[in-house]
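First comes the structure, then the notes that go with it.
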Amino acid sequence: MNDLPHRPLSPAGTMRRRELLARAAQMGIALPALSALGAACGSSSSSSSPPSSSGPPKGTAVLLNYQGWMGKHTVADFETAYPGAGIKQASLGSISSGAVVPQIKANMSTYDAALGDQAVTGQGVAADIIQPLDWSKIPNIKNVDEKFRSAYTHGIPTDYGKTGIGYRTDLVSDPINSWADLWNLAPKYSGKIVFTDLDRDCIGSALRYKGYSVNTTNQDELNQALQALIEIKPHLQALKSYNIGQGLAQGSYAIAMDWDYDIALAQQDNPHIKWVLPSEGASAYLEGFFAVKDTPQIEVLEAFFNFFLEPKQYADFVNTTGTAFVSNAATPYIDKTIAQNPALIVDPATLANVEFENYLGEATAAYNKLWDQFKSA
Amino acid sequence: MKLRRHWFSGLISLVVIVCLWAPLVIVAVNSVNKDTLLVSWKGFTTHWYNQAYHNPDVRGGVKETMTIALASTAISLVLAVSGSLWWRRAGHRSQRMFDGLTYLRIMLPEVVFAVALFLLFSKIRFPLGTTAVVIGHVVWNSAYATLIIQARVATLDPALEDAAADLGANAWRVFRRVTFPGLLPGIVAAGLLAFTFSFDDVVTSYFLVGSGTAPLPVVILSMIRFRITPEINAIGMMVMLFTVTMFTVGFLAVTRLGRGARRALALPEGRD
Amino acid sequence: MMRYAGQALRSLLALPTLAWMLLFFLIPLGLVVVYSFATISLVTYNISFGWTLSNYRQIHDPLYFNTLTRSIFLSISATLGCLLLGFPLAYFISRQPSRWQKLLLVLVIVPFWTSFIVRTYAIVNLIDNGGPLQHFLHALHVLSGPLNILYTPKGIALGIVYSYLPLMVLPIYVSLERIDYNLVDAANDLGANPRRTFRRVTLPLAMPGVVVGCIIVGIPALGEYVIPEILGGGKTLMLGNVITDQFLSVGDYPFGSAIAVALMVVMALALIVFRLAQRRAAPS
């Protein structure tokens, strides 16, 4: 069912550079008036509209992305629809979002676009590596729900995820509904608990447990979160940054802090797995694609982003990755197992309890130190 | 095999070799498991090998890794042999400096090398890619190769070479007929080691490959970030089989050539 | 005349190595040292090249000192493990006829042609509680109850021993292979105590290989970060993790460089002490 996704490589991948100025001169911006009007209400009619420009975009853009985090056919279909344009994907080596900005900044000419969450784009703005997009070239942005569009302004939002709890109801006899439950049950299920090996997720969850914001810069609150984490560490089997759902399905551990889409996938293999959005709240990420500053491939990117947001294409992305999605216009094409999964669907009431991770600015150093201290404990 | 005389070391060797191969058994079993999530055994299939074989990232990765490994091994061996031979007759101070240089390369965590080279290349605008990776690999590979060949050089008897020289052979001939055969086991050992290192390297390759074709370990690492699947295990097995085949062919070719050359030169056969 | 030509030629031999290392090792290293005195804004990622000691002062945290001690201890254990297993193996191989030697060497190396990462994850399966190793030890009645090696420092040590074993075996083998065992065997046949022969003859001749093996296992083991992550469950912070994190996750190049420089200094000192002791023990 959910096979390991394949991303087809663009053929040859040669970069042909065209003068940006010449392109711009040729460009006549004349939007189809109808599709522009449909924006505010998220109407399901005429949801797919190509951008209008007199010359087709040409060139290959390099997208920094997680391996497999793309629709199975998206890139191939894009390259068929726009001959001469190509997308080449480069891999993020580290799963930590903190790695994206330094990686791009250190080598600006290598990447044209990247996947990043709000923390990354916040950091990217401060480091001045983000290229603003011409939204008139991306009319399909109207397919993205308003709340996500307004939260993610520097690029196109692609998905979001929450860090909650997944546990085996057949191995754990007590109900778990909150972080407090997890922390209280830790001694009883010692050695059978796994946390994510990600600083923001762990610290954020501990902060929610203590009743604080996941973006706090208050050192006292951070210390409390650190204490909570150190307190539970002896009971943790491991800190994993991958494959958490797999271990849960196998029974290697019984309780896990994990992302919603990973739990949803594991549930297909073992129906005893239950997903919990803790009552104190959860940290979440909202991520998307953004363009790197001064990229010469900006037209290719804008065309690609627009193409990506077409309902069928976006659905391909969601079906491949199994992630919680940001566009309701694509729902008809999305697998029922994803579209109707309680772990992935979020109603407004629950969404209120989810807090998106933001850029921390100067406080980043404090979080890094905290993480080192936790890992060393 | 002389087993009875060395039963103790033989027993330990057996245990160690079995342990070395044990994870491979797991990899092999996983690679033919129908279960995508590898939770339980769901039946035998060769589907994953098919998928891996046709995966363009994997093919590109294998080609890239092979190129890098062979190139860096060759260059490292040249540096190691030339350096060790010089070291043998060099003065004490020069020797110590050379040793310092060698040990320094081994002492640094690889990530520091990788970043240092990355910074250097970005500053002088040297293009990242296969060449950059090979350069990086040679820096630390040659250190390991040098150590091994130095250990071997220490056991060579210089009297043999002096005798050959006194009998009228020039430097190149002395090297080819006396020194090189003496060094051969060391060269083979060092070459195997250097190749294996390059082959499996993630850090240097990751930093210096830029947006070029990713070498295989980098491809696998990114695949694993998503999920560990039977396909990844299939890749591991395929790569091993491919490399073994390559080396067997290479080995047979070299020994055939070596035997032919030795016969032509009427040299004595090696210790067999 | 020929001697002069020979000498000039010999100096030329040093050239490739020296040139390569100057360009691609020493100069980048200099860059690292320069970076260690610089500062970076973690907001804009703009580096200012000053001459500040702030990075080194940051290292003076007990957090990093504990990490260093932990890494050293783990590395020493793993090196000893490699030595105890690797020496008999190298010895056994060196005692076989040449054809068998090659075969055995290949048997030792081939598992390492299967991607380090894939192999390490296979080890996770092997040593997991409820995995094959636990079953095996139960069957031998050596162990009862859970194995508890995975996701502990023991697991990390095991992983390092496994991954670095060829590094110990090869240099020792290379030293041992040169020994003319015909003489050794003859001496033994003539009545010499084999254990004594081993201690007085074989062992000292193997020493250069042993020293090399210990160095090329023990020191890089200090910088390991993949194995602690996978087999240690990410719970044990090792020096390699700290340095890699700085470069790959945090992007604080100056701080990472400072840690690297400090590590190098510590290791250089240790090595100097070691070599001095070695020279004093065997003046030849």
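A, B and C label the chains in the order they appear, each numbered from 1.
Following the convention adopted for this analysis, contacts are C-beta pairs under 8 Å (C-beta built on N, C-alpha and C of every residue); 3 or more make two chains touch, one makes a residue touch a chain.
This is a predicted model, so every value here is computed, not measured.
Trainee: Compute the centre of every chain as the mean of its C-alpha atoms, then state which one is farthest from the centre of chain B.
Mentor: Chain A.
Trainee: Please state whether A-C or B-C has more C-beta contact pairs across its interface.
Mentor: Taking the two pairs in turn, the one with more contacts turns out to be B-C.
Trainee: Could you please state the distance in Å, as a whole number, between where the Cα atoms of chain A are centred and where those of chain C are centred?
Mentor: 38
Trainee: So what's the Cα centroid distance for chain B and chain C, whole Å?
Mentor: 16
Trainee: Among the residues of chain C, which ones contact at least 2 other chains?
Mentor: Touching at least two other chains: 248, 253.
Trainee: Hunt down the residues of chain A that sit against at least two other chains at once, touch-wise.
Mentor: 93, 106, 241
Trainee: Would you mind listing the residues of chain B that make contact with two or more other chains?
Mentor: Residues 119, 221, 224, 228 of chain B each touch two or more of the other chains.
Trainee: What does chain A use to touch chain C in their complex?
Mentor: 93-94, 96, 98-99, 101-103, 105-106, 123, 126-128, 197, 233, 236-241, 252, 361-362, 364-365, 368, 372-373, 375-376
Trainee: Which stretch or stretches of chain B touch chain A in the complex?
Mentor: 36-40, 55-57, 60, 118-119, 122, 128, 206, 210-211, 214, 218-219, 221-229, 231
Trainee: Which of the residues in chain C come into contact with chain B in the complex?
Mentor: 2, 5-6, 9-11, 13-17, 20-21, 24-25, 27-29, 31-32, 35, 85-86, 88-89, 91-93, 95-100, 104-119, 121-123, 125-126, 132, 162, 165-167, 170-171, 173-175, 177-178, 205, 208-209, 212, 215-216, 219-220, 222-223, 225-226, 239-240, 243-244, 247-248, 253, 256-257, 260, 263-264, 267-268, 271
Trainee: Within their complex, state which residues of chain A touch chain B.
Mentor: 2-9, 62, 66-69, 88, 90-93, 95, 106-107, 110-111, 241-243, 246, 249-250, 266, 269-270
Trainee: Tell me, which parts of chain B touch chain C in their complex?
Mentor: 1-2, 5-6, 8-10, 12-13, 16-17, 19-24, 26-27, 30, 78-80, 82-83, 85-87, 89-90, 94, 98, 101, 103-113, 115-117, 119-120, 123, 135-136, 138-139, 142, 144, 146-148, 150-152, 154-155, 165, 170-171, 185-186, 189-190, 192-193, 196, 199-200, 202-203, 216-217, 220-221, 224, 228, 232-233, 235-237, 239-240, 243-244, 247, 270-272
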